[in-house]
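Look at the two complexes coming up: chain A is in both, with chain B in one and chain C in the other.
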Partner chain A sequence: MQAPSLLILLVVLAFPLVYSLSLSFQSYSPVDPEAQGQWIGLDNYVRMLQDTQFGQAILVTLAYVVLAVALETVLGTAIGVWLSRLMRTRRLVTSFLLLPMIATPLVVGLMFSFGLNAQFGYMTETLQWLGLVGEAGVLDSPAGAFAALVAMDVWEWTPFIALMVLAGLSAAPQAQIQAAQMDGCNTFQLYWHVMLPMIKPVIGVAILFRATEAIRQFDQVYILTGGGPGSATTVNDIFQYRVSFTAFDMSYGAALGIATFLVVSVLAWVLFRYLNRKGEQR
Partner chain B sequence: MTSMSTVTNTRAIVTGRRDRESGLPPRSRRRIVAIVTGIVAAVLIAVYLSPIVWLVLTSFKDRLDIFSSAPTLLFTPTLDNYIEAFVEKGFTDNLVNSAVVGVISTLIALVVGVPAAYSLSRISKGEGFMMALLAARLLPAMVLAVPLFVLASSLGMRDTYFALIAAHLTFALPFTVWMMRGFFLAVPTSLDEAARLDGCGEWGTFGRVILPIVRPGLAATAIFCLINSWNEFLFALVLTGRHTQTLPVAIPSLITPIGTSWGQVAAVGTVTILPVLIIAFIVQKHIVAGMTGGAISAE
Partner chain C sequence: MFRFTRTSPSAMTSPRRRRAAGIAAGATVAALALAGCGTSGGGDVDPADANGWSQEFAGVELNVLAEATLNSEILAELSPEFTKMTGISVNIETAPFAQLVQSVTLDFSTAQGDFDVVSIPYDYLGAYAGSDYLEEITPLIAANADKVGEGFDQEDIIPGLWDTAALWDGAYYGMPSNSAVTMMIYRADVFEDEAEQEAFAAEYGYDLAPATTWEQYRDIAEFFTRDAGEELAGETLTEPLYGVTIAGKRHEAAVFEWINYANSFGGGVVSPEGELIVDSPGSVESLEYMDALGEFAPPGYTSATWDEVTAQLQQGIAVQAISWGDTAGAMENPDQSAVVGKMGYGDVPVAAEGDEHHALHGAWTYTISKQATDADAAYLFVAWALSAPVQKAIGEMGGVPATRSAFEDPELVAALPSWPQQLSSLENALARPRNAEWPQMLEQLALQVSTALVGEATPEAALTKAQDDITGILGDKLPLRAF
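Right after this comes the complex of A and B.
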């Protein structure tokens, strides 16, 4: 019963990956008559290590992932706790909160492009009214554009952490919570010392998921800033897109992709072990 | 007023025990607090959803209203942007492309992936396969975009449905297997054994006994497959051309350094997210499972 799936995945997934690996040892570009697939060994990988633009992109990606996911975790946990205390309106509030994360990512970028437009964006107007930005708008400065990206990610994905926390809280064993109440815990102690440790594994999984998703951030950045100004918002995937599909340096792009694949595989392995351990406990 | 007091009463019952312990404030004061908290929460949610609302509002504005400096919540709505984008320009074609690719890739993923998920839920081995599928699900699309682009170009298959559907299967199939395996795991194996005793083969057990039980899960999986394909951007960006462009790819082409028609951009954006947002209400229960690629079931 697994055979057809295996076959399809072999064709559309495994074969392209192997092909990409072989491409990464070649010099190939569809627009360069000099680069027609000569074997150049590890040259692409050596070039990667010396590429300061790539290093810059890695730094931007790291800063972006760490900042966005940290904010989402703190805010999301707080909102998750709040949701778990709502009785009648929980379903309604939840259905509003999940709208951003299910909306088309490119259109999410578009929404912020509208809101932050220097000429008619309502976010720009509000920020100008507060005296936080000048005439040129938010996206004109490197710091502003980067902050806008982080804010957009927090807007889109905080509910994800909140929903995970909510699910974790509803599954938490009630007996221990009641025991703590009997022992005279106040509400804060109850959440901080009793319930938070219970949902720690869920939060861990949520963070890992968010991190792997944030690492491959592309659509929203593509339409909102395009990686600029300068290289302020050139995250890893935008950088790779420029290498592969603007400069058409396909073999170097393949090498960058293989490197990313290795990093993500390690994350997936950690996540898988996490999920399995949780399954055994049940 | 009567409904409001009922609400407060329910609250009092639910939270009654704790209030009695902490010494309760006067009743009317508590009601005011509840109303104020409700209003603050409503305002916060309205602010939170404002980017979506603003996009939808803009799609009904004409050029003057979009660029007017006063905050324009009051304006005469117009359908011109929609008519121009979907009747006069070719955005209906993009809509059709999105639907075709979404439906076909979902069907293939279900037909192939659901039996695999069932079989993986019934054996203790297969961990390696599940792990590989999770890695595939988490893999950045950019890693596959390069080889798929080169392969599709050299086979002359760029700008065909086939290339884009194949690319979408790289995430639709792993997603289907993970998500459906979760639903199959919830079905006790004693049912399988009973079906076997009654003379059903492997496929008979699967098709006649187990599949009908997981039908709600199947529907949720199908819906998420459709949404994922509908929302996908990068593969569509590099693999499609004039004939097969999906809606998300068509949007950036409208934005130019000079003379962007923001009203039309907003109209196309609205049409892109509207079906997704409506469907999201239906599958709300499964949203955590859907967002984690089935790795976590919310129940």
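Right after this comes the complex of A and C.
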């Protein structure tokens, strides 16, 4: 019964992975007559370790993922708690919260690109009115452009965490909550000491989802900043895209892809282990 | 979000190289966006319609991939006429730059043969011709001399443009499909205002006129940079005015703009001997100059490409720019522009009076794939696209032709103010490198030019880094033999 699904998995996952692995040990570019698939061993991986631009891209990606997901978690949890206390308007507010997530990344990138235009962007005007940015706008400086990327991700994905928290709170066992209330817990104590610890695994899964999504951020960065100014917003996927599909250095691109795959796999494994242990402790 | 506009039946049956399967899988994920499609059906022909064109290839179907520009749209509109004369049917697909390059590279490298004629940016000439993906055009011209109509005259193609677009390592691999070239675009109306002329002469000690040197260009940029509420040509400005607009984003637009400065400062990317000169004194001086001009450019120019440059000129918030000649139509379009009839067009300035002016070619090239169904039929299509009636029609409909007769056509010259300058720029323009590694070199240059413009590094440090990184990319291929 599982054979068809395993076959599909083999074709869409295993084949590209094995092919990329093989390519990463070769020198191949479709536009370089001298790079026609010669076996070069670990050269691409050695090059990767010495590549300062790749190192910079990894640092930018890590900073982006940590900042964006941390902000989303804090804000999303707060909004989720607030939603759980809404009675009449919860459905309406929840529907509105879905809107940023429904928009495709490309459209979100274009929205922010227009909004943050230094001359006529409404977001720029608002930020200038608040005295937060100068006349050159947000995207003119490396810090500003990076902050814009984080803000864009937070705007789009905070609702996801909020909805996960809301779902977790709705399913929390009522007996313990009622017991805490009878013991005299105030609202803050109830959430902080009883309800949020109960939904920790849910928040953990939400963070895992968001982190793996954010690590492969591409579309919005491509549209909004193109990876600049300088290398301030060149995240890992933008770097790899440039190597593989602008410079057509396919084998080095494959090595970068394999390394990223390994890093993400290890991260996911660590997170799953953590979640499983938490589950067993309960 | 992404879609292919056509699937060739031959793609399902043609042999694929082993590597192709893997690359194809990756490239599919990389999302190729092809948009727009024009088709003209062939088959039966009437000898009376031939107009000098051979009908020997009637029934052949050609697939053409071209850049998503007005030129390609016009060609798609005119192609039924070609089909009527020759019986060759043509499917024209268009795609933006990045997607076109990815799609073409995939098609060429996998020998898939989806496209017979491809319009490529000339930056990739070395990559494709060097990899033996393209047919040489000279033998096809000779073999089909008696099969083309009288409207086609290869001598009419602007020589420098043809060399840039198609000459690689001693052989020609196509014909120019687009003659984009840089020039200086400026607000002629404010230059002609007497009060402005007097004020400028009083401040700078010489007459206000379109810049011929970079020093004048900078003075003019400074002079016209004004706050809202100040006067311009007798009128009070409601918005700030900027003396210049620059493409400064981490993007090829910034690199191409810098090359315009670098060419005249004695710098650039590769010397005539094939040595890298990215960190030469002339290159550094030119990037310092570009960086200093930023003081007079609209805020946020470091996130602008040529789209923003065009928009700022159209809105009348910038006085001058070094930009592409094919944007002149947008300046003179009353539906889009606030400066219709107010713009002037001049040569790219030089470092010192008496130096030779040099623009930068932005040409594209019609190339014929080695996998073409019928290379002779494909050549006929290219020749027809370069024929005098088609080239004139391209000019009339707002595109940019590649033949001298179209640029010298009295009707077009009378109707298009930028036309004489376009021809002048085309005749003095230089090419950027076209070697197989150029896309990688361009990436490094885009990074370092951007780094310098946002002040993360000095121009000297940024270009030294670029020189080092590009030297690493080229390795033992230096000095470059062909570029």
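Before moving on, here are some points about what is shown:
The rule we apply is simple: the second predicted complex is superposed on the first by the 266 of 282 C-alpha atoms of A that agree within 3 Å, B and C clash if a C-alpha of one lies under 4 Å from a C-alpha of the other, contacts with A are read in each partner's own complex, and residues count from 1 in each chain.
Rule of thumb we're sticking to: a contact is a pair of C-beta atoms (placed from the backbone, for glycine too) under 8 Å apart; a residue touches a chain by one contact, two chains touch by 3 or more.
What you see is a predicted model; the values in this text were computed from it and never measured.
Once the two complexes are laid over each other on the shared chain, residue contacts for A:Q119 go to chain B and to chain C alike.
When the shared chain is aligned, no partner comes close enough to touch A:Q174: not chain B, not chain C. By the touch criterion stated above, A:L23 is placed in contact with chain B and with chain C alike.
In the superposed model, A:T260 lies in contact with chain B only, and not with chain C. Touch criterion met: A:D140 reaches chain C, while chain B stays clear of it.
Contact with both chain B and chain C is seen for A:S244 once the two complexes are overlaid on the shared chain.
Put simply, more of the residues of chain A are touched by B, taking chain B and chain C as the two choices. In the superposition on chain A, chain A positions 16, 19-20, 23, 28, 30, 104, 106, 117, 119, 241, 244-245, 250 are in contact with chain B in one complex as well as with chain C in the other. Within the complex formed with chain A, the residues of chain C that make contact are 1, 19, 21-23, 25-27, 30, 98, 102, 105-106, 108-109, 124, 127-128, 130-132, 249-251, 298-300, 302-303, 312, 317, 436-437, 439-440, 443, 446-447, 450-451, 453-454, 456-457, 469. Here chain B touches chain A in the complex through residues 7, 10-11, 14, 41, 45, 48-52, 54-55, 58, 66-68, 71, 108, 112-113, 115-116, 118-120, 126-127, 129-131, 133-136, 138-151, 153, 166-167, 169-170, 173-174, 177, 202-203, 206, 227, 230-231, 233-234, 238, 247-248, 251-252, 255, 262, 265-266, 269, 272-273, 276-277, 280-281, 284, 287-288, 291-292, 295-296, 298, going by the rule given at the top.
Residues 15-16, 19-20, 23, 28-33, 37, 53, 104, 106, 117-119, 134-137, 139-142, 145, 225-232, 241-242, 244-250 of chain A are the ones touching chain C in the complex. Looking at the complex, you find that chain A touches chain B at residues 1-2, 4-6, 8-9, 11-13, 16-17, 19-20, 23, 28, 30, 87-88, 91, 93-108, 110-115, 117, 119-120, 122, 125, 155, 160, 163-164, 167, 205, 209, 212, 215-216, 218-219, 222-223, 236-237, 240-241, 244-245, 250, 253-254, 257-258, 260-261, 264-265, 267-269, 271-272, 275-276.
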